[in-house]
C-alpha cells in the first residue's frame, strides 16, 4: 500500500449518511480493531466475495474486539446506486452491520473517503488498528487464513502502540472493479 | 405445476421492452427449446443460482437447439429496479443473452407475464418445447443433471409432437423470493 | 473417442469380482442406459469429481432408466489397492452402487476391460445405450448439464435403434490420473 | 478441550516412523507455532477438509513462524492403512509436509499419541504454542477465519510465556470419523 496512505493521523470517514445505524466515528471505536468493507451494490466481486467475507468476520469475532462497517463507495453508475436502492439491497442481502455512504463530491466520480485513502476500486477492505490507524488496504479477493492471522496479531497488540510498522498486506492479486471501470 | 398453466395455447411473452436484443417472439423460435429465466436484479438467489445456471445453459448448448432468454419480472421494490438500473446490472454481470422486461400493470405489483403463468417468485425457470408450448416451471434452485436430462429429452422430441404430457418437474423444494416477499 | 472402441459388438465387462452386488452382465440391463464410472480408490480426481458425480446420477435417475456401476481399474500401485482396501473404501465413502473389479492380467499393469476399451486413465465415464452399445468415454471432469442432456437424448431413443452415430463427447479437457502415471 | 490434556508438560509425539522427513521432535521446533493434522488416509472428512486446510496453512505461513506436521492416527481398518499405502497416498495427494505414523500399541485399536491426548477421531487439529505446549485440539471442521486469528494471537505471544490460558477453541460442532466408528 502506498506509504502516503499510512498517515501519521488516525483514520477518519468522510460520509454523507448511515444505514443500519446512527452515525459512528472511528474514534469512538478506539480499543477495537475495525474492518471496513468498501463496496458498490452492483459490483459482482463485492457480492460474491467481499460482502460475504465481511459478514463472516462480523459473525466470527466478538464485537468488543472486531467491528465491521460497510462503506458504499460509488464511483460509477451513480444514478442507479442511490440511497433508496442501497436500502433495498441491504435488506435483500440481510447485511446487518452499519453501512456508511461515502460523501459524493460534486462534479467528480470518486467520493471523498475513497479519494483520501487512494482506494483502487471495489471491493477493498480497510483494516484499522486498536489505536485508530489504518494498517492495510486489501483490494480484490482476500485469503481468509491470512486475514484471520493478521486480525489475530492486531488484537494481540496493546492499544496505544507507539511503533506501527506496515505488516505484509493480506491483499491478493486478483481484483474486481477498478477505478478505470474494468471488472475482472 | 398447476394444470391451468399448461395451456392448450402456445406460450407468449407480454413484455414492455428488450435489452441485449431487438424484440423476439417465442413463435419465431419454433423448432428450438427455449429456456426463460425469470429474475429480479436485486434477488440474491437469482444472482447466486438462477442467472449463473442460465449462462451455463447459454454456453453449453448450440443456439440452434436451445435458446436462453431472461425475463425481468419485478414484483417488489419497483422504484429501484427500473430499466436504467437493469441495463447497468446486465453490463456488470456480463449477461449476454436477450432480456425482456415483463410488462408492468398499472396499480398492481405483479407484471403481466408473471401473472398469466402464475409464477410463484424469482428465480423461476420456464421451459418451452420445440413447438412453443410451456412444459415446466421450476421455482428456486434447479438440479443441473436433471435439467440437462429434461432438455435432452425435449431436444429428442420431433417438433409438432401431438401428445404433450407434463414430465416430472425439475424444480426443487428450496425457493428464493416468493410473491409474499419472503426470500429464503 | 477412437472409432475402434465404438465396436459393432455390444459392450461387455471382463471383471474378476463384484462388491455391493452379485455379478451383473451388461446384457441383463438391456433397455436401460448404463453409466460405468472407472476409478481407482487412491486417485484424487476420482474422489473429488468422478465418484460424487456417479453418486448424483445414481440418486437422480429412476433405476429403470439409468443404472450406475463402478469399475475399479487399478493400473498403478496394485499392492495397496486390493479388494480388502476397496471394500473399506466403499464403506467409508458410502458408495451404494455395484462395483466390479477389472480383471488383472498377469505381468501387465493395465487390467482387461481398461485395455479392451482403450481407457486413458481415471476417472473415466463410459456411457452405454439402451441396446448395450458403448456410446461415449469421458476422461477427466464431466460437465453436468451436458452429461444430463446426453443421457436425456439416449433415454429418448427407442431401444433396438439401428443407426448409432457417435454423439459429441461429454468429456472435458482436464484429466486426472493418466496411464503414464501423471495426475493433474 | 478436557483440562487433563492441557498438561503442564510440553507436548510430545510418540510415533513409529516418518514420511517426507527425517524424525522431528516438537522440542526442536521451539519458538514456532506447530499445527499437527491428525488424519487417516481413508477418512472422507480428512480428504475433503482436514488435509486441504493443513496444506493451505503450510503454504500461507512462513516456515519460521508456523510448522505443519501430519500425524497418521489409524484407529480402524489397520490392515489397509499401512505404511506402504500411506506412502502412495501422500504421493498421489501431493502432501509435502512431514507426516509421522502414530505408534501402534499391540492389542489395542487406538495408537499411542492419540490415546495420550484423548483425540476423539479424525480429522483432529492440534495446535502447539511457541513454547511447545498443546493449546487446542479441534475435532472436525475448522473455521478458517477463527483459526487464522488463533494462530495470529499465538504468533504474537512472546516465547517463554508464563501464563497459558486455554483460548476459545476453534473446533466446530460437526465432526467426521469418531472413535466409535461413526463418520458424519
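We call the chains A, B, C and D, going by the order they appear; numbering starts again at 1 in every chain.
Quick note on the criterion: a residue touches a chain if its C-beta (ideal position, glycine included) is under 8 Å from a C-beta of that chain, and two chains touch if they have at least 3 such contacts.
Just so you know, these numbers come straight off a predicted model, no measurement behind them.
*Asks:* Between subunit B and subunit C, which partner chains are common?
*Replies:* Touching subunit B as well as subunit C, we find no chain at all.
*Asks:* Quick one: which chain's Cα centre is the longest way from subunit D's?
*Replies:* B
*Asks:* Specify, for the interface formed by the sequence copies subunit A and subunit D, whether it is same or different in terms of residue numbers shared by both sides, with half as the dividing line.
*Replies:* Subunit A vs subunit D: same; shared/all numbers exceeds half.
*Asks:* Using mean CA coordinates as chain centres, what's the gap between subunit B and subunit D in Å?
*Replies:* Averaging C-alpha atoms per chain gives centres 50 Å apart.
*Asks:* Calculate how many whole Å lie between the centre of subunit C and the centre of subunit D, each centre taken as the average of the chain's C-alpha atoms.
*Replies:* Measuring from centre to centre gives 36 Å for this pair.
*Asks:* Check each residue of subunit A and list the ones that touch at least two other chains.
*Replies:* Within subunit A, no residue touches at least two other chains.
*Asks:* Are the chains arranged, by touching, as a line, ring, star, complete graph, or other?
*Replies:* Topology of touching chains reads as a ring, each chain with two neighbours.
*Asks:* What chain pairs are in touch here?
*Replies:* Applying the touch criterion to every chain pair yields A-B, A-D, B-C, C-D.
*Asks:* Would you pull the subunit A residues touching subunit D in the complex into a rising list?
*Replies:* 56-57, 60-61, 143-157
*Asks:* Quick one: in the complex, what on subunit A touches subunit B?
*Replies:* Counting only subunit A, the residues touching subunit B are 42-44, 47, 77, 79-80, 82, 84-85, 88-89, 92-93, 177, 183.
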